[in-house]
Amino acid sequence: MNEELDHDTVAHGMQPEDTPELRALYKGFQEQSLIPLWTQLGDLMPMHPKSKAVPHVWEWAKLLPLAEASGDLVPVGRGGERRAIGLANPGLAPNAYISPTLWAAIQYLGPRETAPEHRHAQNAFRFVVEGEGVWTVVNGAPVRMSRGDLLLTPGWAYHGHHNNRDAPMAWLDGLDIPFSQQMDVGFFEFGSDKVTDYATPDFSRGERLWAHPGLRPLSGLQNTVSSPLAAFRWAHTDQALSEQLMLEDEGYPATFEPGHAAIRFTNPTTGGDVMPTIRCQFHRLRAGTESVMRQEVGSNVFQVFDGKGAVNLAGETYPLNKGDMFVAPSWVPFQLQAETEFDLFRFSDAPIMERLNFMRTATSE
Amino acid sequence: MNEELDHDTVAHGMQPEDTPELRALYKGFQEQSLIPLWTQLGDLMPMHPKSKAVPHVWEWAKLLPLAEASGDLVPVGRGGERRAIGLANPGLAPNAYISPTLWAAIQYLGPRETAPEHRHAQNAFRFVVEGEGVWTVVNGAPVRMSRGDLLLTPGWAYHGHHNNRDAPMAWLDGLDIPFSQQMDVGFFEFGSDKVTDYATPDFSRGERLWAHPGLRPLSGLQNTVSSPLAAFRWAHTDQALSEQLMLEDEGYPATFEPGHAAIRFTNPTTGGDVMPTIRCQFHRLRAGTESVMRQEVGSNVFQVFDGKGAVNLAGETYPLNKGDMFVAPSWVPFQLQAETEFDLFRFSDAPIMERLNFMRTATSE
Amino acid sequence: MNEELDHDTVAHGMQPEDTPELRALYKGFQEQSLIPLWTQLGDLMPMHPKSKAVPHVWEWAKLLPLAEASGDLVPVGRGGERRAIGLANPGLAPNAYISPTLWAAIQYLGPRETAPEHRHAQNAFRFVVEGEGVWTVVNGAPVRMSRGDLLLTPGWAYHGHHNNRDAPMAWLDGLDIPFSQQMDVGFFEFGSDKVTDYATPDFSRGERLWAHPGLRPLSGLQNTVSSPLAAFRWAHTDQALSEQLMLEDEGYPATFEPGHAAIRFTNPTTGGDVMPTIRCQFHRLRAGTESVMRQEVGSNVFQVFDGKGAVNLAGETYPLNKGDMFVAPSWVPFQLQAETEFDLFRFSDAPIMERLNFMRTATSE
Amino acid sequence: MNEELDHDTVAHGMQPEDTPELRALYKGFQEQSLIPLWTQLGDLMPMHPKSKAVPHVWEWAKLLPLAEASGDLVPVGRGGERRAIGLANPGLAPNAYISPTLWAAIQYLGPRETAPEHRHAQNAFRFVVEGEGVWTVVNGAPVRMSRGDLLLTPGWAYHGHHNNRDAPMAWLDGLDIPFSQQMDVGFFEFGSDKVTDYATPDFSRGERLWAHPGLRPLSGLQNTVSSPLAAFRWAHTDQALSEQLMLEDEGYPATFEPGHAAIRFTNPTTGGDVMPTIRCQFHRLRAGTESVMRQEVGSNVFQVFDGKGAVNLAGETYPLNKGDMFVAPSWVPFQLQAETEFDLFRFSDAPIMERLNFMRTATSE
């Protein structure tokens, strides 16, 4: 059966004949805030996900200069709250959504600047593709931000940032703003105009309590919705990926697929995702590796952390260099191709899809 | 602190001065598919949910004649699939969404008509405010639809309907179409052009296996995402509500609040909601009872099943009669007022909000 | 490999030579409260479960007269607490355990007698093979006990019984006393010397709130460890089993195995077992049906509710009539054989085995 | 109310008068394998747990020489399987049980010896109070055993040990043998007469995949009953405890109680206990600290890893030195007292008690 034809049939087939009675009926519908299904079905209930969002790649080499220019021209502080530049999916204009659920932005903090504290129901993380010198202060606890680190700010946690250096710093912010905005779940509160603690410890209190593999403090036996370990350091991520590839070399099952190591960042109290709406992962492909072409319900965003390669998005290949980002909207096939060893950070809305039983995946050659 | 002021401040405060450099920067943003946070924050991250959806009441006395007229003018069958008239929230035009997550429609099936079989990822239910004579056929099993019954069609179950009588019948369809459409999770497949079984049993096979209180068939020990009991009969609902009020009369805790009995329809394999995105409940208030004024994250839709009363929605009172429906969008305060004994069916997206940890509630006097 | 030989080898193989030094060592062990593994391994770690408990059948025709005689000779009341006669597995003497985990007893209450209230950590149920006229009062709520009913008294619930008639009544008590006694988990408290409410309602308050299929009161949204529905009536059980057999006749999957209908009694807040240590089920076999021969980790106790048949226990066949009871200890093969339509109540410690990951099952022809 | 008196009353109160009829009744009971409740209630259902197991301390200084003597006199290998010396609770003679649920033994492996592979349903761990040079091979993967390490052998995993050095080594084995033996859940199979891999890597394959804090391999997304991380290294445990005490010094909540740091070893796929029946923890008390006096349902076993102190068990104080072990049976009050900084490994059957809803705790001054 021809799917496109069916699709059209659903949308436009079998419309009733245009008569004065029908017009009167449609006028009655309008007066009573009613819209009949038969005038809109195809769009409402597609044969498979057909997102308004489009596959798109953002080049770091073009983003970064714009972020730097913002540093000169746009103040940061109470009111504007953050100097963040959203990656706006061209299919979702005029919204600054990278996908129907996810927000991705480059945040830029100038030398010695402070982004004031606030909190919101939306879940947030930061991933640092390069740089150092900023501390994010989450519920009063300073957390160092350095290259390769993933830092969490789960919903309703107070957070602010300050730059302790004479150099600016830029990083990736990821949030569930589009989901929250469309689904009407957002709450927001202002906190301190400064950060509440300007200390610059190497390791946050959460790490000191929780970053010991398999060990749980007896003071933390209650499970939490989001991970109490809120800083995932590059050294650990790097080692975990390296070990998977070494085990593969030694002949043991360890990688996600041949030549492709991958880890998921998790909440140690449950083993599940770090936050209720956002999944975070890190992928490393050996030079020359191509991942299987994959379709998933929900949207996936990647940032190249290191190396060179490409992504095939719905049949079109885009070259990728360090810092480049791309989005694969729901059900759009994507495939990673590694020219050199290729490291990518990834986040997605998979927890939403899984918790609500909408997840499906498919692979093809 | 004045919330509205803050809100505005977030949106519009501290905009950078308009200079040629700023214009160049903004042009750069546009070229690179970027949108800065500081031009849009207030709308993005409100102090509390402020839905575009508005509180609204639909009167059954006006809906029903339009549905009847549709029966004369609009065919049902493959392509159009259903003669369903969506309740379109005036704030969400041009979409036929009753809320950002939920779809509600009056479906109308003429004498001896058949609505052909199909299936979709979207979860659906039907609630019958009056009438009888239609059977819905779910995954091949005929299910009688009668006054007061709740019938489920969970995601990806094949379903069609046929009217076995010489009189038409109308009922309420509830689905998660708006969520599915916006979040890009929908799949759809056509089934038989007829229903696969025209038998008209009083009780469906699912009920015969599952509608025995607390008893689980050994052939059904695997938990299921949606309820295997897919027909909830009015006789049971009515009795459950009556018993709560009698127990209250006898001095025992049984009701939801004084004078207000309520039950939730559940999946007997888990005790949880009947479907992963939709909660269904039934409420009965004694004559003269006013429920507590309540705010909830997520949207709630009610249909009056019997009796007379009113609803206070965000401070405005609307009278309600049998069949009338209303929606309370996210965080809009609502309060039920019973003039006579007052029976209402209710559905909501609460499972979405709870599973993703966005649920909040508040009550006020 | 010969298992019995291995088994012996484990127990007795490779014992060190008896020397003065070895005797000195063994004396040292004894002084220090030590026992070496090598003197006892076979018994400690068998190749498969080899219970000290033996398969055994108790005949109702012999039990009942002894219970009646107890009614004349033994008082009931504070101190003795209950006129209960334990079914003592011959392999577990001198304990009155029917299995290493389970207790089964015939309780007998004379005309107008009261068994006083108490509570204990042990979980208990009653099943009524015949008779009526007694109410059990659980946490203050009277619960009618009639033929075919299952009544729960979960751990730490106060309970007493009173006979409202001029005829005596006997029933089956099931508890986890052997588990509790050996594992040291028991607590006990006395309550009223009488029952706290001598009312004799047809339906208990728990049933009035909970015995509506798939409907959950909003006043009971918190999940509970044990079922809040604590009376499962014969009419429901009978109908559930009948419907399974009728569906089988109509060609639909519904029974546990051909000709063998079965239900599990469940906690409606979770869909799981009624109590954390005890599983309760009811089985109905068509005349002429033989169940598959089955082995399970953990112990199973059956009571014939109606009909005639037999059980094959470890290769030996025992005829069974109404009221007869038997135990299949861990891993002992058992098979039911129905001469007439054959109804059996069953309870087991399967929740213990499953929750601790020790469950295994096997079937054979 | 005097509890002991009640207790006696339950056991012995209200016995019926000794008559010929009663004797006939008791004879009938005996013939029918019945035992009446009223002759045994006190013992069956105590007011609170009163274990046959007694509090007891084993001194390392006395254990170790006996283990060494065994090394000279008793062979290890197929049949005897292990040179393990069980700590036998004096109250549970003639069984080598340290408690009704738990087994604890000192295992001793001479220079270059191999303990052959086998597997069993029983869950096991090893904890190393001193020494090094042995590798345990679990499901084919060699795992180094060194001072302070906890190594798991979950139920049904093949395992053997080999000593790669010229010096003997002794360690603590903990298992759920008493539970398994009494509850009839044990299965056993022989494996290789040697270990399947004599390699001596510093880190096992499980650690290389799983010992990265909060990071989960995508090849390991399926949750497992027991921890896939099966080696918990002393360096991590030591650091986790040190950080808790430092955080306490800095004024932040981190310790279990003042001066008392503690961690639980967990399954990273769930955050729960490492195995379904056994909980493992490590405790560090500052010099001079006394823990709160505590009662728990279930049995707890401690081994001093470092430092000097004492334990108060049911009111009696026992001095403790490195390697000493003690057991606190169910509901026996215990309190730790640290003379120096005091490190203790602990294991218990708490998962059994919690999963079956029997856990209770109490504290006193």
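Letters A, B, C and D mark the chains as written, and numbering starts fresh at 1 in each.
The criterion applied here is as follows: a residue touches a chain if its C-beta (ideal position, glycine included) is under 8 Å from a C-beta of that chain, and two chains touch if they have at least 3 such contacts.
Quick caveat: nothing in here was measured; it's all calculated off a predicted structure.
Visitor: Counting hops between chains that touch, how far apart are chain B and chain D?
Guide: 2
Visitor: If we define chain centres by averaging CA atoms, which chain lands farthest from chain D? Would you check?
Guide: B
Visitor: So the centre of each chain is just the mean of its C-alpha atoms; given that, what is the distance between chain A and chain D in Å?
Guide: 44
Visitor: From the C-alpha centre of chain A to that of chain B, how far is it in Å?
Guide: One centre to the other, that is 30 Å.
Visitor: Using the average of all C-alpha atoms in each chain as its centre, how far is it in Å between chain A and chain C?
Guide: 52
Visitor: Among all residues of chain A, which ones touch two or more of the remaining chains?
Guide: None at all.
Visitor: Mind giving me all the chain pairs that touch?
Guide: Contacting pairs: A-B, A-D, B-C, C-D.
Visitor: Contact residues on chain A for chain D in the complex?
Guide: Chain A reaches chain D through residues 205, 208-219, 221, 223, 227, 229, 232, 236-237, 239-240, 243-244, 246-247, 252-256, 262-271, 274, 281.
Visitor: Write out the stretch or stretches of chain A touching chain B in their complex.
Guide: Listed in rising order, the residues are 1, 6, 9-10, 13-16, 19, 21-22, 24-25, 28-29, 32-38, 40-41, 43-51, 53, 56, 58-59, 62-63, 65-66, 69-70, 72-75, 77-90, 94-96, 100-101, 105, 120-122, 155, 177, 179-190, 225, 276-277, 297-299, 329-331, 351-353, 355-358, 360.
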